[in-house]
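Below you'll find the structure, written out as structure tokens, and then a few comments.
In order of appearance the chains are A, B, C, D and E, and numbering begins at 1 in each one.
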Amino acid sequence: MTQKLEAASIVKSFGAIHVLENITVTVNKGEVVGLLGPNGAGKTTLVNIIAGYETQNSGTVSIDGRNLDGLTPEARTHAGLARTFQSGRLFPELTVAENVVLGAIGSGISTKKANRRAAEAIEMLGLTAVQSEPAAGLSHGLSRLAGLARAVTSEPDYLIMDEPAAGLNDHETPALLSALDNIRRESGCGMLLIEHNVGLVAAACSRVFVLASGELLFEGDPQDALVDEGVLSAYLGDATMGLHGGRS
Amino acid sequence: MSDDLLRSNQLPGVTRFKWQQLLGPIVVVVALSYVVSGISVTFTFLTEGTLALLVMVLGLQVFIGNSGVLSFGQSAFAMVGGFATGLLTVPVKIKENVLDELWEPLKAINMGIWPSLVIAVVIGAFFAFLTGLFLMRLSGLAAGIATFALLMVADNVFFNWRLIGPGPQVMPQVPKFSFVDESIILAVIVMVVVYLIGISRRGRLLRATREDPLAARALGASVWRLRVLFFTVSGGIAALSGAMYAHHSGAVSARDFYLGFTFTTLAMLVIGGATSMWGAVVGTIAVTVIGQILLEFESGVTIGGLEITLPNGVRGLVIAAALVAILIWRPKGLTGGREFSLRLPFLSRP
Amino acid sequence: MIQTILDALSYGGIYGLAALGIGLVFGVMRLVNFAHGELIAIGAYLLIVTIDLGLPLSILIAVTGTAILALLMEFGVFKRLRLAGPAVLLIASFGVSVFLQRFYEIIFGALPLSGQIAPWMAGVIEFGDTTITRGSVVTIILALVLLSAMWFFIEKTTLGLQIRAASSDFQTARLLGVRSNRVIGAAFVFSGVLAAAVAFVLVTQRGSVDPLFGVNITILALVGTVIGGLGSLQGAALGGFAVGATISLLNSFLGNYRVYTYTWLFILVIIVLLVRPGGLISNKAVKERV
Amino acid sequence: MNLLSVRDLHAGYGKVQVLYNGHIDVEPGELVGIVGPNGAGKSTFLGALAGSVRASNGSIDFDGASIKGKNPEDIVRLGLAMVPEGRAIFTDLTVNENLRLGLTGRREKSGAQRAIDEVMDLFPVLTTHKNHQAGLLSGGQQQQLAIARALVSEPKLLLLDEPSLGLSPTVIQDVFGVLARIQEQGTAIVVVEQRAHLVMSIAVRTLVMREGHIRATLSQADAQDEAKLAAAYFGTGEDRE
Amino acid sequence: ASTSDTADEATTEAVVEETASEEVAAECTEPIIVGSAMAQTGFMSPFDVPALDTARIAIDKTNAAGGVLGCQLELIAVDSETNPDKAAQIATDLISQGAQLLLVTCDYDVNAKASQVAQDAGVLVIAPCVGDTIMGPDAGLTLGFSLGSAVPGEAAIMAEWAFAEFGPKAALFKDMSIKYTQNQCKVFEERWTQLGGEIVSAPEFSQTPEGSLAAPVTAQVKEIKDSNPDVVALCSYPGGGAEAAAALRAGGVETPIVSGFGMDGAFWLGAVPDLSDFYFVTYASVFGDDPNPKVSELLASYKDLTGNDAATSGLVTGASTIEAFTLAAEKAGNTNGVDLAAALETFNNVDLTAGPTSFSPELHVNVTRPMAVMQIQDGKHSFIEYRAAEQPILN
């Protein structure tokens, strides 16, 4: 049996609003998978369901065949999941280093090892200069990186990232890309990457899912997605715009 | 990242044990206690009472400071501790005179202060654990009000139920501590416990839940379990404080631990800075000092040949105003919520 | 039985009214204002001290005075603590509360001041076997009228919207042009007016005022505000009402175990909170998204 | 005459100095961009203009009067509106209420409803979620709301801090389309953006910030020159103005 | 603020009568310090302040008459703010300053800690107007006394007088919020049934620590009304007591109400306009019609000193405290706490302003002393008679 994170046949509605209609998304261990879709498509909701912050109406979430339904977010973390938040959610009064190291402490890694993991993550994501400062004072972009660093220190089997590159500029995203690649190669974890930066997704992912209005619009190779008719009309529009500027 | 930094396990910006953070406050408390209590019997009395309050504030700090959940419930556990030690140590004859409706088996018991303290702490922690199982499901203001409800229930029960105490009366003749040293030792033990549990892995995780409970869960922190654990410890410490208070003043009654006590100790915590053990120490000292100075002024103080006497009633007024002023001046408390440090004088701005 | 319900209604009415004022400041500012009780007390003092000028003038003075004190509290203390956490605010409001209690004691003495405000409110209306005091009827009507007025003001007017915005994110509201300090001041003024209304009802009932006049009702109304529903005025009024009515009902049903009224009341409070942490009315449940 | 003219502006948080020597000129109907790496001080610069970050030194003249040291609520009433970074919507109010609050700083009280209708047309999600609690919107929807809220005040000068954050590609197109339109109608705009290409293609001038200083000013033509851009960004080569 | 009173030169006749000491006043180097840790602010202050004032008056008078054992008395009073712990600290301080007599708050539950301090230091401690027999050996306070008239006597008088006046069916309206009111109704009930009366209903209520009703009392009033009593014994104190009285009348209970010292004074009448048929048993009348000349004289001095009329009659105990101390010291020949206590324990109907006063080694509070029965009619107070308990109820 392949080792994978699977959200199978997920249905979710908030009252009358149907957000996810029978969505199945899988992430194999060691694989980077993209999740695309217009605003309000249900991407964050799906992440919340996988991580245990929302309960689906039906469908199951499992890791390596182990059913996670009904488990609390913290239990899912101990089962090998880690996530970042679309809105950052650092611990504002704690220092950046403390934020990062807590990722490891929380999943029960020894203090010594936790410190080493944190030091590596901090260095890898370029946070060394601010590591002793309280997280509250971070600029927007740095706080997103710190959130990512916090998630990776827990040595997860599967890492879900909700728009990690939002607020990073065209020069910083390549650095993020290589950092992600590093992490994946070292730990062999599977990654689910939510992004609106299609270029980043195309470069990082071996597969993408495209959600729109709660339905799965596309699943497959990222390059194919970029030219898919449905994806273009629902999501990308004039696709080049978001990527490289150049208004015609 | 240089290798020796890694080897010495000292990642800058990360919480870790520092001798000065523990010893600094202890030295301050011990030195101050001996110096002040040496002045006169009155000051010995004041010192002892303040140490009992300090233990309470430390008990509050360990829960409120680390979890960020406002709790009024610790006063209920102080009440439990005070009553427990009272019932265990008051002479049998006094119980017959004053506690006529007391449950028979309780009437006969009489033991020394030290075993009684241990039992009081255990009972207090037990009650905190029991109630914490439920109350710690709540957060924010709901938790604040629920713990407040706990205090009201405790007050109402202790104030009326003559089977387990003196009802609306005081329980007199609680044996007193013989020396100030006893209070000092207890306070130091509590300071060590509070500091160590605060910087422990669980303490750090609880602080993460304080900042953002939802994000903390994503790191694997069970908010409820952590809170229950710290609530229990805090309840045990509060019970110890209640018991120390009883052995300090020689009497105990439900109203000793009611709103006045609750808010005085909370104010001490907030004024010192709720997020550090040092804050609890500084807050307790600061509020006591202000109160004592005003008391002296009320009796007339001569400054540079000028006799200044405050009229009665102004003392309470000025203390309240001073507390509010400190909060306005330093909303994070006098220490800014940081632990003791030799480099930073504690009054430096955050 | 009918009598019991009538009693519960009228007792609940006062607490509902008190909770409305607390709920206004609490709902809008997330400030648990312990010093609300001292607003009630000053209202009562002013009524008793000036009643010789005639009831209408006396009420006018009490309402104005209470509103001014509320404003002073805001500008003197709470405005300066805008960025402080809830624990700090709570302790500060408690400090203000104690300060004012001492102040009243110095000015008016520790002994109660007594006087007769609107003695007609003590009279009873009888329906066959059951009776209800006129004061209770007035209280319930007053509570309903003020609740509607406040609800309209907060939910439907622009100033109300600005108050809510300023309290939920002070800095951003300013960026949009909301004069945050002023609109929050306005909310305090209204809470002062509501406190004066409670003072009127209470003082006609108790006949005297002392420095601790407002403490108990404030504590209970605060609890009511929270169990009623965070941030909702209807919730606050309902919660206050529920607390008052429960006290009254427990008092009838507990018989000679009445002294334990508060024990049961507060156990019920805990149960309500555990079952509905957001309060009884969470229609406008302010949820948090991850 | 310049609508906005800033000289020698210094700003920071408490004792921490973050912005040094900030300067910018914006004429009516101009769109000026600001780019720079994380932590460069871009948001601080905008905040100082809008009055939410305290400026310690220098001058800010807006529409012929100095606004340095003024309160944000007064500045917005003069016609300078800002879309802050990270959405800053009122999460517990409804979408509609958020929009109505945008009217507070509006100078002309007439036409308010028309302005709201217009932005609702621009961002259809706002109509569908009109009476929903804003905090429940998705990230990108919230960002649209934040932009819409600033638009209803119809300011003379609009400051946007990373408007594209979290927006999907089509919506980014829409937003920049709108910016181009209101710019044509005479509104001046300052945009902080991470997507340098995006902003440079429509901005007359783009300031490049690094470490609290404005290191370069690039023209629209420069934007096509990758080497020049990179140089300005990373401080290699001739970036001093 | 602390106050100290020493003698002026004027000489008035000594209050000291029979027990005057044989010894000639030795050369007295230092004044005898009387320390007060009573409450000058807070909820006990309405009781404490008048008593403290009359103690001051009595000290001046004593000093003018030559003092005690040839020494002048000096009063040092520090405000305890009705806070038991502050009181204990102040007591410690006063005793370390050499206080030979400590005055404490008129409520045992508030003064217990301060009293214990004096007890442990071997100093005589007197609570001028505690009305509970606990103040004394029962609580381990062999050096603790009260000059008050205790509930076993007070409530017995209430029962005896009301039984004689109104007949056999009584309702109790019990305030459960403090020990004093609980005991009051307990004693009343016991004495009433001893007399052959019947208790027809006995509902309870409580007040909050701040002194207002904790819950409405309509149900209780109805219970009382339905039981159709001849008299209602109201065991309470204002403000909740006043609200309860108002509720009785509003609820249609028109029968006479009898109460105790707790309901003394006119300050609470605003709650019950035009109250009639209300009776209470207390120390003396402060409404100008008390037949005891010592009381009238004291009330006059009190008015001179403070400018106010006394609110309640508890103040007579303040003066009596100093009178008793003086007599005891003269008898003991020194101011050692143990000797003073022994001297006080021999008091047998010693005539003080508060009335004839007796103590015994078991009982350090008076229960047999006559008390004033007062009436309120149309909101006006008047004195009826002095009356002693025929049979105090000690448990």
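Rule of thumb we're sticking to: contacts are C-beta pairs under 8 Å (C-beta built on N, C-alpha and C of every residue); 3 or more make two chains touch, one makes a residue touch a chain.
As the structure is a prediction and not an experimental result, all values here were calculated from the model.
Engineer: Counting one step per pair of touching chains, how far is subunit C from subunit A at the shortest?
Structural biologist: Steps on the shortest route: 1.
Engineer: Trace the shortest sequence of touching chains from subunit C to subunit D and report its length in steps.
Structural biologist: Contact-graph shortest path, subunit C to subunit D, evaluates to 1.
Engineer: Quickly list, by label, the chains bordering both subunit A and subunit E.
Structural biologist: B, C
Engineer: Tell me, please, which chain's centre (mean of its C-alpha atoms) is farthest from the centre of subunit B?
Structural biologist: Between subunit B and the rest, the longest centre separation is with D.
Engineer: Quick one: which chain's Cα centre is the longest way from subunit A's?
Structural biologist: E
Engineer: Using Cα averages as centroids, what's the distance between subunit D and subunit E in whole Å?
Structural biologist: Computed from C-alpha means, the inter-chain centre distance equals 76 Å.
Engineer: For subunit A versus subunit B, what separation do you get between their C-alpha means, in angstrom?
Structural biologist: 43
Engineer: Where the centres are mean C-alpha positions, what is the separation of subunit B from subunit C, in Å?
Structural biologist: Once rounded, the distance between the two centres reads 31 Å.
Engineer: Between subunit B and subunit E, tell me the centre distance in angstrom, where each centre is the average of that chain's C-alpha atoms.
Structural biologist: 37
Engineer: Counting only residues that touch at least two other chains, what does the list for subunit B look like?
Structural biologist: In subunit B, 160, 214, 311, 313, 316 touch at least two other chains.
Engineer: Indicate the residues of subunit D shared as contacts by at least two other chains.
Structural biologist: 136
Engineer: Could you list which residues of subunit C touch at least two other chains?
Structural biologist: 102, 105, 259, 261-262, 288, 290, in rising order.
Engineer: Using the touch rule from the top, collect the residues of subunit C that touch subunit D in their complex.
Structural biologist: 158, 161-162, 164-165, 168-169, 171-180, 231, 284, 286-289
Engineer: Quick one: in the complex, what on subunit C touches subunit E?
Structural biologist: That would be residues 3-4, 7, 10-11, 48, 102, 105, 110-116, 119, 122, 124, 133, 205-208, 210, 212-213, 215-216, 247-248, 250-252, 256, 258-259, 261-262 of subunit C.
Engineer: Looking at the complex, which residues from subunit B come into contact with subunit A?
Structural biologist: Touch list, subunit B to subunit A: 1, 5-6, 9-15, 201, 204-205, 207-208, 211-212, 214-223, 275, 337.
Engineer: Which stretch or stretches of subunit E touch subunit B in the complex?
Structural biologist: Touch list, subunit E to subunit B: 1-2, 40-41, 78-79, 81, 83-86, 88-89, 92-93, 95-96, 108-109, 112-113, 116-117, 120, 134, 138-141, 176-179, 182, 209.
Engineer: Can you name the residues of subunit A that touch subunit B in the complex?
Structural biologist: Within the complex, subunit A contacts subunit B at residues 51-53, 72-74, 77-78, 82-83, 85, 89-98, 101-103, 105-108, 111-112, 115-116, 118-120, 123, 128, 131-133, 150-151, 154.
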